[in-house]
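In the two complexes below, chain A is the common chain; its partner is chain B in one and chain C in the other.
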Partner chain A sequence: MISATTALPSGRRRDRAALTVLTVWHAALCVLLMAGALATLASASALDLLTIALAVVQALLALGSATAAALILRRNHLGRTLSLVVNYVLFLACLIGLAHVLGLFMGLDDLADYMARGVPFLMGALFIVGYFVAATELRERPVPVARRTLGQVLMTIGAIGFALTAGVVPALASIPGKYVSSGLLPLALTAGAVVLGYMLWSMWRGESARAMGAKNIHSERLNGWLFLSPNLLGFTLFFAGPLLFSLYVSFTNWDSFNKRDWVGLDNYRRMFNLTVQPLAAPDQPANQAMDVQVYDELFRVNLLGQSYLIGAEDKRFWISLRNTLVFGLLAVPLAVVPALLLATLLNSRLPGMRIYRTLYFIPSVAAVVGVALIWQWMYNSQVGWINYFITSAVNLINSVFGTNIKDPQIRWLADSDYALLSVVIMSAWQWLGFNTVLFLAGLQTIPRELYEAATVDGANPRQQFFNVTLPMLAPTTLYVLITTTIQALQVFDQVFIVSNGTGGPGTSTLTMTLNLYQNGFQSFRQGYASALAWVLFVVIFAFTLFQFRRQRRASGAYDL
Partner chain B sequence: MSYRATRIIRAVLIYVILTLFAAIMLFPFLVMLFTSLKTASDTFSYPPRLLPTEQVTVELPGFDRPLPLYYIVVESGETKPMALVEENIRVGIFAPLDAAGRPDVNNTVIRRFGEVKVAGGATPKEVVVGGQAVPVYEVEVNGAIAEMVVLTRTVFGRFINPANPNETAMANVRLSQPVTRVTAHPENYAAVVNLLGFDRALTNTAMITILTVIGQIVTSVLGGYAFARLKFPGRDQLFLLYLGTVMVPFVVLIIPLYQLMVVIGWVNAMPALILPWLYTAYGTFLMRQFFITIPKEIEEAALIDGASRWSILMRIFIPASAPALATLATFTFLYAWNSFFWPLVVVNTGNTRAQVLTLALNVLRGRASDSPNLILAGAAIAIIPPTIVFILAQRYYVESVTSSGVKG
Partner chain C sequence: MKTTYRLIGLMAVAGLTLSACAAPVAPPAQPAQPAQPTQPAATEAPAAAAEISLRWRTRPDNKEEADVYASISDEVAQKLGIKLTYEPGGSETASYQDVLRTELAAGTAPDVFWIPGTDIADFVQRGLLLDLRPYANATEGYSDSNYYPEPMFHLTYNPATGKTGEVLWGLPRDVSTFVLYLNLDLINEAGAPDPRELAKEGKWDWAAFKEVAEKVNALGSDIKGYGMNAWWGPFGAFMNAAGGGFFNAERNACNLNSKESLEGLAFARSLYDAGVAVPYGEDSEPPFRAGKVGMFQNGRWATPGISTVTFNWDVVELPKGPSGHMGNWLFWGAYVVNKNTKHPEAAWKVVDALTQPDIQAKVAARGTNIPSRVGEAVFAEFLKIMPEKNNQAFLNGLADKPTAEGPLWTGSWPDFDKAMSAKVSDVLTGKLSVEDFGKTICDEAGKAFNK
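Coming up: the complex of A and B.
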């Protein structure tokens, strides 16, 4: 008892001292960060976006640090939160910076050098995958302890073996050498990380929490942000930040190098700039009717006896828009309607349906690039299977019915009239199984009582399908339509492979995404390409909204 | 028709349709597998054959090389497999003249020009056939000499019966059907792997996939737990924001992400293929949906016992969520393994250090356009591993696809 009462004040004194250290630290950090922000602004040769963002972040952290210092003095629990946030952000920044300076990220490349010789690596990977697969059985019957231990041991052996053979150990051993060779920066970052880590620990301790008057709910909040932080870091760095930057780039004429001038809506204006000119004769040359310096001929139309010439400033945009819409209009029904039919059949509760379900699903897990290569070979006009099947079918029909149908001998991917259709068929084939499984799941949620009631009322299978199945399946149908449409409007891999990246033959397979790729990464018109990306986003958004609205009107509101 | 009979007919019909579609879904893969085992010349044969085949050869004493076998119609009218021993023999098809002085096409014989001689000796004998003077030859048929005229000249091969080397026959080589057998050339795979740094691409893809899977599981489990079980200000708004990101097409991000990689210096390097993909809204959503189904009481009891959030996550949530983890791992595996657009943008063509399988396939398509067997062997290398992973994990994967579909 006595020792406890004497220990308490000295403990309190230590806590108070720790909080004083933290206050001083935050005051110093505020000054340091403000200086950093000013130095960033001063040292930059030109005020580009990155510099400004960096300075603003530093200024905000300085402000946070100052507030934290003031609140810690008042023992306000918000001061603890703020202190932890500021220290944590800077701690992460130090660690990431250190990893970057020491070349840990680029070390992945070196790792790949040695991994080629490392069969042990593959074994290690297989153990990990095997362990996950084995662990998935946990839910129904627990894995015996012995087997689980064995799995862990094997995984450890695999990891150690990999570390030894793939050069992880020597790579890690070379890090101290890098400290010596790369000057002061790694040392400074390490020192920063250590100090920040100490400050984090000092504030995180239960004693500090109590001294600051923090309650359970406050630590739950902190835990929430802490657990979310890796995710949020990725979200900010690789999603939200780039998304906003993309919008900004779409208002510039960035050529990916130095030129990046604000051009306002000019990219969008150029994209949508069309001209309609009346023609004296339907075959009048385009240069007599419009300014061919600006416009390219898109198409001619005859309206009420008067011919018009429609020209566009960016002809390829309009062609890609048309191709994408045609692709979507053909591929989506082709990937959805047969899927519904197959799902209805699979739902018949006969034996063996699981096997069919698995078989149908396989195309959707295969790499699009590989699938496109297979189909490209099957589409071969001379020795391909597709034309062989067509020829055989035509010969069979001719010999059975005595008709004289001519073998069409389509040149598929080499023929600009058929190239897009060829890609439609291959894509629908690949998406069909996925949609079938989605429909099947939707069908299995429909209560059987509804069908029984319909049978009692004398509805035949066809009426049951249209009056029970389809309305009950509406949410699934909507989901399938939306996901397939989003996929179809972004089609890229297939057309890139079959047309060698050109969108050919001619412009027959030039889709919006391919056009964007050509603009952004072949002609390096990245400002314009960003504008194209946003237009594609709007098109996808509009289609999704349209399907959503139509469905809702058809079947009333439901919970999506 | 009885009820039972209708049911059986219906079941048969269902199986027929389903099998037909299964054939459509699987046929391209069969084409891929079998073509990848063919020789390059075999791939171009018409009509196309599924199975890789090659001509059967025999070794016969007295011949230094293996002899190809063909089906030959011998004089007795039988068809026998015979070995080709000599090619490019100039022969004539000879026919006797009938009573009207016309060639009798029903009694033709085939003879080499060296075996026959022109009739009439010093003054060659000629007859007029169809308004033209043609020479008459003395041809030996069954031991007797007959006078005949040449119907056509052609090039034949000489064949012998491997079982009975005395039995020989002459036939047109190109019109004879070769004796073939099913074969396989798995060395195509080795050839592809040694070509164009495919081995490096395979290593890179495996490494990228594994690191991406591990990274995504870590961020998604932590984020999912925070969204499911921890209350903090801004949580629900942030979650809605995460859900909204599913609508944004990847192409909107591609230019800023590329420029970000330029700034950091990761263009043409592996971190660019891994680090941007460690965060996913989908994975976070999946884990959150799974975690909210775990009863709260277990967690509260553990909290009262003084367990930290971290140990609750590790000891209660992770062991219970094996199916969700398997699903997420499979999804990520497929996505990372199959991705093409981003590597195409961030890794230059021809850079083998940071190449991945899909890029290597794209290069292979251009370089080996005359060897579809090699291209499809490459496609098989890219397609088979994800298929195996899918089949292993398909129970959970398919279930998760379906549940996310129904819930929207």
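Coming up: the complex of A and C.
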């Protein structure tokens, strides 16, 4: 009698053996990961959310691994999917960990220096010429073998030259030393990456897929997820992860170095803590009306003949909120309405319009720091161009009309009444070009027939603008409004440069992001700064939601 | 063909990836150096010393100074037999300290770095700096008294015991102090007395200063008699000169509302009310360099930039205030060692080498700094540097009981500065009276001591 095993072809026997190995691997991996999760919890001096999160991730992977083992035994194709996901994630983790241990990320600064030497070699004649020699077809005839070979040789020499000039030899020479000096960890990570890579390949190959009953549609789905994985993992690691981390930090008093105690909602309480005290007289000193050890005077108000003092535990938060909202209220219309009018002008078919379009777009691509520094000079009340022109204009008017208008000598950035306005003008000027281009693109999508029909109906240009152009531009306008509002509420670079990072004069240019920066990176109150960031997020979200709702009411479209 | 392309692509990617692992780019070949004098005895084996690689950073004031630091770095590396990489830090406006703190939090900060004096307490109390006392005690010829005593008070202060001399957090890189940069052409044209002569005669006080400023100011609507920049140093000098100051004697409470501090602030305010000063909040250096300001108050660091102006210029010490002193500051910053450095002893040697007289003289020769060491030889050497005619004004400032730019060991200097500077800005721009400032400032700024 011949047994079933011996009756199987050798290929199928190998597949079964491979799946058995994978089952055992996942069972072992499950044990390892659970042990890791328990070790993480046991080794932590104090249980905090980060430790718990790390342990939970390991436990989830362990669960996935155990499920994969069970499903592989039952030859369920979901087991293959789970196996691939678990092995893939751990494989990447090993590679990233290895790169970190070997100092790869620390060397990224040096990479710029190496690139400067290596890239010209890569982009130079050998590589580029080699590609054209090897790949360019002439008159749809196939490339001759000799030419293709020559091209490949040239490209290979170019690539080798690049690798050499980019420092592969010293890098390779330094790696064994790093393995030796870093203990067992690099070896363990390398071994882990090799084993996981092998398991990944073992389950990925077609024979395993067939043995697990995977169909084409399953493979296609996996291919799709594989292509998406860099973006998904990048999003999780570098966006969603930090976002959730900052939410966690906002409930702590983390200072980036030592302290990270859970303080619950205390950061938010401190931020919103206000006191309203009636005053015996409008000029009653603050220290007689409220506890000045806790509160600072924010402002005074008179309601129905009674004066009140409003104090805040964090005065700078309220001032920055006010400044940010004022900035947004001024800067958004200034950057949107002129952009719409400008786009309408630039949409005409007059000669030279392309040059004007380019000119108006230039401020948008200019570096914010450079622009802010130039404006800072222009705003100088003593030697700046703006006051020079104002003085010249006043003098001209006085001499021509015999008037006696006083030169205002505005202290643009030195007077707290003008400083924020100065930053508004500067920012609106810089955002104008980009908004103009967006409106221009929107204008060019409006069918000419609508204007022709409006003309036939007797509509004049003004009526055409309000009844055809504006409604048809609604989607573009919504986009421009939302992006400009977000930019305005997050304004940082401009105020940082013109106030030298202080938010001055006084607190007149202290915006929410600058206040956040000062707390997080100057006073190192990362917990409080994170709370500020989340409040800013809520403010921006509320504005965006409001604009969406308003737009929906206006047009019945763009539901959120 | 596909395989070939894949291989070539793989080589390119491998080249890029692996090159990030490689050692830093080697500096360009240096010309042959003359034989070095005998090295001080090293406690580490020569072979080990050769493998030591350290990074250090300081904030240069300009490109030329960065080049000087780079050449000094090579010199120190050769002297100590280690690999030493100099990283020029950003400028003052490029948030040098903020970047440094972030790198310290991330564990990527250099082994040795410079920080301003006001930051010492913050860095020490966060446990970021290495105590260098054991290494200093073992170094032949080292003494705390080689340096100005004011910065050494803070650099040897032990917050755990409240005593000085027990620890050593670093060594001062240099010191600086305020002078008035003078546009002599404007002063002559205005017929004002020469401030340098008044200083020599002991008549250079606030009244004389204001008189010169007013006379220069009368030259035209675009001319200002005086200019200072908007930060704590300039207005603090007026408070100090009146006998006040930011803190009480123990530096654990706010003193901004004292009669003397308010008197100093009121005098500063009077300059703006009279219209003789460049509006507070505007950079006074561009109009001074454009020949539109008679007297510009700034530190030693401004000298190289101002030396390029086309008018006749010189410096004079600050005028004496009601206290009988100039109320000047002793600005300083220190080289300190990262607590996480792998080579603490070598890092100390770098700090020690960077503050040796010959090295300090090279930096001072750029005109930006004053050596942090004291002694007649150091002073004599400094007096040879520009402006040669009257460099004594800086040393006079340092000799007249200056207040050391100092950290707050019992509070948060950034919080104190934020509360103080915002309110002072309101006073000097006419938005707040000195009296109202005095009523509320210590309620607000005093909270910095509770942190």
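By definition in this document, the second predicted complex is superposed on the first by the 487 of 560 C-alpha atoms of A that agree within 3 Å, B and C clash if a C-alpha of one lies under 4 Å from a C-alpha of the other, contacts with A are read in each partner's own complex, and residues count from 1 in each chain.
The working rule: a residue touches a chain if its C-beta (ideal position, glycine included) is under 8 Å from a C-beta of that chain, and two chains touch if they have at least 3 such contacts.
The structure presented is a predicted model; accordingly, all values stated were derived computationally and were not measured.
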Chain C versus chain B, contacts on chain A by residue: B
Which superposed partner A:Gly241 touches (first chain B, second chain C, both, neither): first
Chain B versus chain C as contact partner of A:Gln306, first or second or both or neither: neither
Chain B versus chain C as contact partner of A:Asp415, first or second or both or neither: second
Partner chain(s) touched by A:Asn500 [first = chain B, second = chain C, both, neither]: both
First, second, both or neither for A:Arg357, with chain B first and chain C second: first
Touched partner set for A:Ala533, first chain B, second chain C, both or neither: first
First (chain B), second (chain C), both or neither touched by A:Phe521: both
Which of chain B and chain C A:Ser256 touches, first, second, both or neither: both
Contacts of A:Val383 with chain B and chain C, given as first, second, both or neither: both
Shared contact residues on chain A - chain B and chain C: 105-106, 108, 111, 115, 122, 256, 376-377, 382-383, 497, 500, 517, 521
Contacting residues of chain A [partner chain C, same complex]: 102-108, 110-111, 113-115, 118, 122, 134, 148, 152, 155-156, 159-160, 162-163, 166-168, 170-172, 174-175, 178, 255-258, 285-287, 292-293, 296-297, 315-316, 376-377, 380-383, 407, 411, 413-416, 419, 497, 500-507, 517-518, 521-524
Of chain B, residues touching chain A in the complex: 11, 14-15, 17-18, 21-22, 24-29, 31-32, 35, 43-48, 199-200, 203-204, 206-207, 210-211, 218-220, 222-223, 225-227, 230-233, 235, 238, 242, 245, 247-260, 263-264, 266, 269-271, 274-279, 281, 284, 309, 313, 319-320, 322-323, 325-326, 329, 334, 337-338, 340-341, 344-345, 353-354, 357-358, 361-362, 365-366, 372, 375-376, 378-380, 382-383, 386-387, 389-396, 398, 401-403, 405-406, 408
Residues on chain A engaged by chain B in the complex (per definition of touch): 50, 100, 105-106, 108-109, 111-112, 115-116, 121-122, 125, 128-129, 132-133, 135-139, 217, 220-225, 227-235, 237-239, 241-243, 245-246, 249, 256, 338, 342, 345-346, 348, 350, 352, 356-363, 365-371, 373-378, 382-385, 388, 429, 432-434, 437-438, 440-442, 445, 475-476, 478-480, 486, 489-490, 492-493, 496-497, 500, 513, 516-517, 520-521, 526, 529-530, 533-534, 536-537, 540-541, 544, 560
Chain C residues within the chain A interface of the complex: 1, 4, 7-8, 11-12, 14-25, 93, 95, 97-98, 101-102, 104-105, 108, 126-128, 221-222, 224, 230-231, 278-283, 286-287, 290, 292, 412, 414-415, 418, 421-423, 425-426, 429, 431, 439-440, 443-444, 447, 450
